[in-house]
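Here subunit A shows up in two complexes: once beside subunit B, once beside subunit C.
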Partner chain A sequence: MDLETLLSFDWGTMTPEFIILGFIAILSVADLFMPKHVDRKILGWVGFAGVVLALASLVSLIGTDTTSILYDTFRLDSFAIAFKLILLLGAALVMLLAIDYKHNDGLEDNKGEFFYLFLSAVLGTMFMASSGDLITLFVGLELLSIPSYILAGMRKRNMKSNESAMKYVLNGGISSAITLFGMSYVFGIAGTTNLKGIATVFGGLTDPQHIYILGLAFFMIFVGLSFKLASAPFHMWAPDVYEGAPTPVTAFLGAVSKTAGFVIILRILLSIFGYVPVAQEDGQPIPLLFAMQDYIAFLAGATMIIGNVIALRQRNIKRLFAYSSIAHAGYILVALTAMSFITFDAIWFYLLAYVLMNLGAFAIIQVITMKNGSEDISHFAGLYRRSPLLAVGMGIFILSLAGIPGTAGFIGKLNIFMGALMVDQAHYVLVSIMIATTVVSYFYYFGIMTQMFFRPASSEEKIQLPMGTLVVILVTAVGTILFGIMPNLAIDFLHTNFNQFMDFMR
Partner chain B sequence: MEFNYFLSLLVFSPLLGILLLAFMPKTNESGIKMLGVLATLPSLVLALLAYFSYRGGSDLANFSEKFRWIQFGGQGAEQSGMFTVNYELGIDGFGLVMVVLTAVIATLAAIASFHIKKEWKGYYMLFLLLEIGMLGVFTAQNLILFFLFFEITLIPMFFLIGKWGYYEKEKAAYSFLIYNGLGSAVLLIVIMVLFSRTGTSNIDMLRVILNTENAPMFAPISESLKMGLLVALLVAFGVKLPIFPLHSWMLRVHVEAPPSIVMIHSGILLKIGAFGLIRFGMGIFPEQFADLAVLLAVLGVINLLYGAFLAFIQTDFKMVLAYSSISHMGIVLIGLGALNEAGIQGAIFQVVSHGLISALLFFLVGVLYERTHTTTLANLGGMAKGMPLASGFLLAGAMASLGLPGMSGFVSEFMAFLGLFEEMPVLAAVGALGIIMTAVYLLRAVLAITYGKAEREFVGVSDIRSFEWAPVLVLIGLIVLIGVYPAVLSEPLQATLETILMGIGG
Partner chain C sequence: MENAWLIPLFPLVSFLFLLLFGKRLKEASAFVGILATLASLVYSILVLLERLESPTHKAEAVWLTIGNLELTAGFEVNQLNALMLVIVSLVSFLVHTYSKGYMHGDERFPVFYAYLGLFTFAMLGLVISPNLLQTYIFWELVGVGSFLLIGFYFYKESAKAAAKKAFIMTRIGDVGLLIGMILLFWQTGSFEYDEIFAAVEEGAISGTMITLTAILIFIGAVGKSGQFPLHTWLPDAMEGPTPVSALIHAATMVAAGVYLVASLFPLFNASETAMLTVAIIGAFTAIFAASIGLVQNDIKRVLAYSTVSQLGYMMLALGSAGYVAGVFHLMTHAFFKALLFLAAGSVIHAVHTQDIEKMGGLWKKLTFTGPLFLIGTLAISGVPLFSGFFSKDEILIAAWAHGNYGLFWLAVIAAFFTAFYMFRLFFMVFTGEARSEMKNVHESPSVMTLPMLVLAVLAVVAGYVNTPWFGAFLGDWLVEGNEALGHGHIAGPGWIMIVATAVSLLGILLAWMMYSKNSISRDWLSSRAPIAYGVVKNKYYIDEIYNQSVVFATKAISLFLRFIELFVVEGLVKLTTATVQALGKTGAKIQNGQVQTYGTIAFVGLAVLMVIYALTGGYL
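Right after this comes the complex of A and B.
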């Protein structure tokens, strides 16, 4: 590649990525040369500014034509922008949480690293959203995973944190291997790693042997990627890792990393397996993806049941939210199963709502657990007396997670139900499971409510909120309510700017 | 006359009270109580205004209002007029009656809440939120809005029971939440199936679409699916009503919740079940409803007898009244099962009449408990000596409840049975036994309280005083008014009845 070709690319499309990359460089160098006694918090604020700047540049990119550079490996289409918005929003909020996070388990020594590792992971998610090639997808995935492994173990002198990192690495390694194995079949048959190229080759496939092998590849890729979603069958890591990791990292894994997981699943499944014809009906080919619906539906159902039922037994608030996040992954998989014309809307909106409510809840969990040094659910007792703001905020997030009307979580669920019920073969069973498990979730969500509002507090001491955390709670609470009462703000925004992701494959 | 925003104002005016309460100091007890009552007044005034302007000849259609709220599925869907959810409020005669009933009982219950002993601020804020939910339920013109308000009643109730209730309050709150959560879950499935497959959630449009052959829909709804949906509706509202065997939660709530909340619960919330069955069950699925009529009548007779027999053996006055509610809701079902004009009118009359009567009785329970701290029949006795007035009113309430001519209970029971005797004489004859049982158990309980020998001496118990007069007089006045001049109810209901009967084809 000579300089001329290199300069001919429209690098502007990558501005947000460059901004994040630049800030990673600045932070790592600054951390190296800053004297030891200087509080590393300042690095956190710089990092936060970086994320906000990237978000702003991303917003300015809304409306640009679909462009792809670097020989189609990097695409900036409406899908990429829409999901990067959620990713960066989540990242900014997590950054604020991380700045306020204090722990004496050895994290203090490396607080600087914390911020730029975190930014690297964010960069990974952004590449995943924008990539048009299996290689860049996988590199993005690993760029997300490797910093996450380290981040999970950041509390160096804490046994649980170490355990968490170890489990995360092992499970992550296995799942990456499985994904890659699946991808190798795809490459073997298509002869290219470019998603568009693969789609062209697969569209003309007729040999049933090939299609059989691709079914296998689908199976492997899906199972491997379910690791990032924390959905069945790769959900077992979530409770241990969530419990052991520092709270901001848990929040990141639960919200941003999960969003990235859905991004890559959508990219791969739709652009590869949406083009493999398995049969003909009325002259129209039925894609492999549709033929695999039952399989995804089964996993979605299993995920919802496992997440919600096991959550009932949890006393540790972070483990409880781990199972809750497994359940939510299951809900979103329902939308993926249905494949109607509102699938993208449903997933996008649900992820937006989920990032808001989940990060809000984790902000409060971080305050409470830092205060008490333990994660038992009983520390929420009497929160209403100690800090009405925190209690009401947590109340809002819990209602939203439980899908009560008036919150964004409800509208998200509504979208998913619609998609699943409007298709010709309506998924009644799956929807029933989803609604029934939602009612099961009332038990544990309202268990927290009981603690906060009904039980007496063990101490009357008021809780002081750090600035950044307060901002996170306010932003997420307002967002949760706003998108619950006026969801059209988000839905119309999606439709006017992204035109139903028509350019997804162009 | 123009009535823009009239209904919105009516429904949401308690919100003003909530906001003002938020700024009240926690310790200002009398100020909070005053404000709590005052905040219910705008709705009451507006509801009465609506009622009298209707009696004065203005058209109820003038009250309707409609705004675009959520558009699912993007521009394509919008152009075809599908998947739009409007914010639309409106009332018909039935809705009007229910709104007036709600506003009256809410104000009276707010007055009755003067007996509440702690945390008045939170109590009244939740109370007003509950009122918004109830008013919204009766004015919502589409299913999704209906569901939203329906769930808004759920959350405040959970807290009101769980925090201000008696000994086993948390258990009662959970039982309420889970049973009703399941009921709502089933309801949500019905709503989403209808919405996703027809593309609209407007009640009137659904009525037309589902009862016209070859009406334009997004996806077909088969006859058997319709039947399934109706059965699901029956279960959903059967939990609320409650229909035997889905009633156990409601006993707990009646016993454990504070009496002022039971006034609301028994007076209004249970009636949402009947309202839903009539409005949606009968309105949207008339043909299928006719097929289920016998089943409904049988369930009604079971409810009536089961409630009456168990009420007879209860030792706690609150339990007597709880089973009495079950028994009386049986009459609603009997009226609906008759499926003719007299029957349906009887059912609606029973809804209103029982709302008033049970509110009165539970108010008196509150008055009794306030002075004696017991509601066990064995501990009470000879109350007529110390509290002649309260005892007299109690007897009056019981008389109304057992259907003494000249009071509202008589009119409704008479009409419901008149309807059923026309259609199913044998069943009606069996059911009539329940009427006798009602007299037996109510007189047994009331006489045990007012006469007989007191187990304990209640020294210095005072009779009805100051603020307690208002609820008693208003409720008894209304009960007698409906009893001697039923036209106050039957006239607004006429139009609704005609629409329903036309749908059924009778």
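Right after this comes the complex of A and C.
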């Protein structure tokens, strides 16, 4: 590739990525040269500024034509922009949490590292959203994974944190191996790694043997990627890792990393397996993706049941939220199963709502666990008396997570229900499981509510809120309520700016 | 009427205001709440008056777009909505006023008023919703309000448990409602009541689908209105402060189930099976709860079971095509049951116990509460000329006219039980001698007695808007312009009224003979009611016979039903919980912290999927 071709690319489409990359460089150099005794908090604010800048440049890119550069390996389509918005929003909120995070078990010494590793992971998620090639997809995935492994172990002197990092690496390795194995089948049959190229080749497949092998590849890729979603059967790492990791990292894994997982799954499933024709008995071929619906449905159902039922027994708030996040992955998989005409809208909205309510809840969890040095649910007792703001905030997030009307979580679930019931073969069973497990989830969600509102506090000491955390709580609470009462704000925005994702494959 | 959407907003403002400034206002918070609900009440009355003259008003705007579907939100004022607005805002206003006295001195006084505001907002929002989705949203919101208020005395372990139980039990019903609602949407393409009814009328939905959706939605109503078998949360909900029981668990929220069935009446009416289900569940609940009420010793629990039973009556009416009868009883019940609860609250306020075994002889001490309680008791027992008499009569006629003879007789027996246990309650609390030492028994302040007085007046006169003697104004107005709702007045054989009167008087008589003997009150009664006194003279035999037969039989039935409740209903609940718990336990056990296990599970999962894939020859 000569310089001329290199310059001919429209690099502007990559502005948000360049901004993040630039800030990673600045932060790592600054951390190196800053005297030891200077508080690294300032680096956090610089990083936050970087994320906000990237978000702003991304917003300015809304409405540009679909472009792809570097021989179709990096594409900026409406899908990429829409999901990057959620990723960056989540990243900015997590950054604020990380700035306020204090723990005396080793993190303090490397707080600078924390920020630029975190930004690298964010960069990985952005590449995943924008990639048009199996190679860039995988590179993005690993760019997210590797910093995440380190981040999980940042509390160096804490055994649980070390355990968490170790388990995360091992499971992550397994998942990458499975995914790559599946991708190798895809490459073997298609002869190219480019998503568009694969789609063209697969569209003309007729040999049933090839299609059969692609079915196996589908399972491997799906199961491998379910690691990122923390959905069955690759969910078991989540509770241990969530528990051990520093709270902002847990928040990142639970919200942003999970969103990235759905982004990559949508990309791969639709652009590869959506084109493989499977002959039906009546002669009309349907895409492989549709033929696999029952399997996805099965995994979605299993994920919802496992997440919600095991959560009932948890006393550790971070473990509880790990199981709750497994359950939410299951809900979103229901939308993926249905593949109705609103699947994209439903998943986008649910992820937006999920990022808001989950990060809000984690902000409060961080405050409470830092205050008490323990993660037992009982520390939420009497929160209403100690800090009404925190209690009301947590109340809002829990109502939303439970899917009570008036909150964004309800609209998200409603979209999924409607989507699953409005397709030709309505998924009654799956929807029933979803509703039933939602009811099960009330038990543990309202367990926290009773702790906060109906239990006497063990101490009357008021709780001081750091600035950044306060901003996170306010932004997420307002968002949760606003999108619950006026969901059309978000949905109209999606419709006017992204044209129903029509350019997904063009 | 164009601005009727303002009505729910007043309490919402009160809620938000008290949330922010409640701590500073302290007990002055009461005035904020009272003023807000007064504004709602005045506005509601104006809307009702306007609605008497002018047609239904409806306004909507697009709220949510799903794909190319547009869901709307807005408000509607039709006859039923307008009537409900007045009932809800009136009872809420009175309860707000009453609570100023009842909750006096409570540390969390402003919080209480804030929650009341939230609840009132949700309930008013519920009754002006023009479509199912919006109804559902507020339906859940009232559930949250109820949850917060039941658990208000959070230092009581039982209150916490009751709050959680209530929320989750009603949610089980809501699952039915939600599925039914979405199915209806899928079939008709709309959540709007009007469009659903139009689709039903045109035959756009198949008969089975109508039955299915109607029954699913009815499950939601069963949960909210405490119908068998989802009724167990309602008696437990009495752990909340008494004004809350009056407002939420007697007059308004629990009636929401009845309201929902009434709003969807044309849908239910299109399916024989659905109607019969509603009628049977209603009648069974009526007698079932009434019989349990016979043996309760907690003043609030007696009233709670009576609420369950009365709601069963309303369901029976609706299920027997007695739309007017159901709505009419909903209205009269709201007044006299709120009155009874507030009066019970006044009694508890005075004697600081809820156990009726420990009360007695309060008639002379509570000179104001006593007569008011008596009025409520007479009304609920269906004594002629009181409001309950007229509405209960309508229900019995509806059941008879619809051909549900078996259910009709069940309802008659339930009426007998009702009269009996209500007067048992009355006699045990107010007559005889005090059965325990009660110090400082004093009448409640006027801020508490005045709301009761208003309700007492309504408990007497509210029946006259719809009587067989002076005309069925309410009925004619309710069904005006909508033939699907049936007739404003259903004619029935005249003997029904006589039977109803007879059983209620018989019940009172029995209660009096059993619980008002050997006491000062006998003199009191004998001097005023010589004929009754004559009967009492022979009380020995009757008592014996009664003890041998009637008491035995009722106790047996009651024990049997109690048995069903304990072992079948709760057993099922326990079984479900146990299964879920066991699943959770196993799951948590597999989660043993061994990273090998985690990898294995992932591989096993993958392998299982692939094996199934290979065995089925590819695709399912």
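By definition in this document, the second predicted complex is superposed on the first by the 501 of 506 C-alpha atoms of A that agree within 3 Å, B and C clash if a C-alpha of one lies under 4 Å from a C-alpha of the other, contacts with A are read in each partner's own complex, and residues count from 1 in each chain.
In this text, a residue touches a chain if its C-beta (ideal position, glycine included) is under 8 Å from a C-beta of that chain, and two chains touch if they have at least 3 such contacts.
What you are looking at is a predicted structure, and each value in this text was computed from that prediction instead of being measured.
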Partner chain in contact with A:Ala232 - subunit B first, subunit C second, else both or neither: second
Subunit B versus subunit C as contact partner of A:Leu170, first or second or both or neither: second
Touching partner for A:Ser432 - first (subunit B), second (subunit C), both, neither: both
First (subunit B), second (subunit C), both or neither touched by A:Val278: second
Partner chain in contact with A:Val423 - subunit B first, subunit C second, else both or neither: first
Touched partner set for A:Phe454, first subunit B, second subunit C, both or neither: both
Touching partner for A:Leu216 - first (subunit B), second (subunit C), both, neither: second
Partner chain(s) touched by A:Ile81 [first = subunit B, second = subunit C, both, neither]: neither
Touched subunit A residues, subunit B compared with subunit C: C
Subunit A residues contacted in one complex by subunit B, in the other by subunit C: 341-342, 345, 399, 404-406, 410-411, 414-415, 417-419, 421-422, 426, 431-432, 435-436, 439, 442-443, 446, 449-450, 453-454, 486-488, 491-492, 495
Subunit B residues touching subunit A - in the complex, by the definition given at the top: 68-76, 83, 144, 147-148, 151-152, 154-155, 158-159, 162-163, 170, 174, 177-178, 181-182, 185-186, 188-189, 192-193, 195-197, 218-219
Contacting residues of subunit A [partner subunit C, same complex]: 166-167, 170-171, 174-175, 178, 212, 215-216, 219-220, 223, 227, 232-234, 236-237, 239-240, 278, 288, 291-292, 294-295, 299, 305-306, 309-314, 340-342, 345, 392, 399, 404-406, 410-411, 414-415, 417-419, 421-422, 426, 431-432, 435-436, 439-440, 442-443, 446-447, 449-450, 453-456, 486-488, 491-492, 495
Subunit B-touching residues of subunit A, taken from the complex the two chains share: 341-342, 345, 399, 404-406, 410-411, 414-415, 417-424, 426, 428, 431-432, 435-436, 438-439, 442-443, 446, 449-450, 453-454, 486-488, 491-492, 495, 500
Contact set on subunit C toward subunit A in their complex: 19, 62-67, 69, 133, 136-141, 144, 147-148, 151, 154-155, 159-160, 163-164, 167-168, 171-172, 175, 178-179, 182-183, 185-186, 580-581, 583-585, 587-588, 590-591, 593, 595, 597-599, 601-606, 609-610, 612-613, 618-620
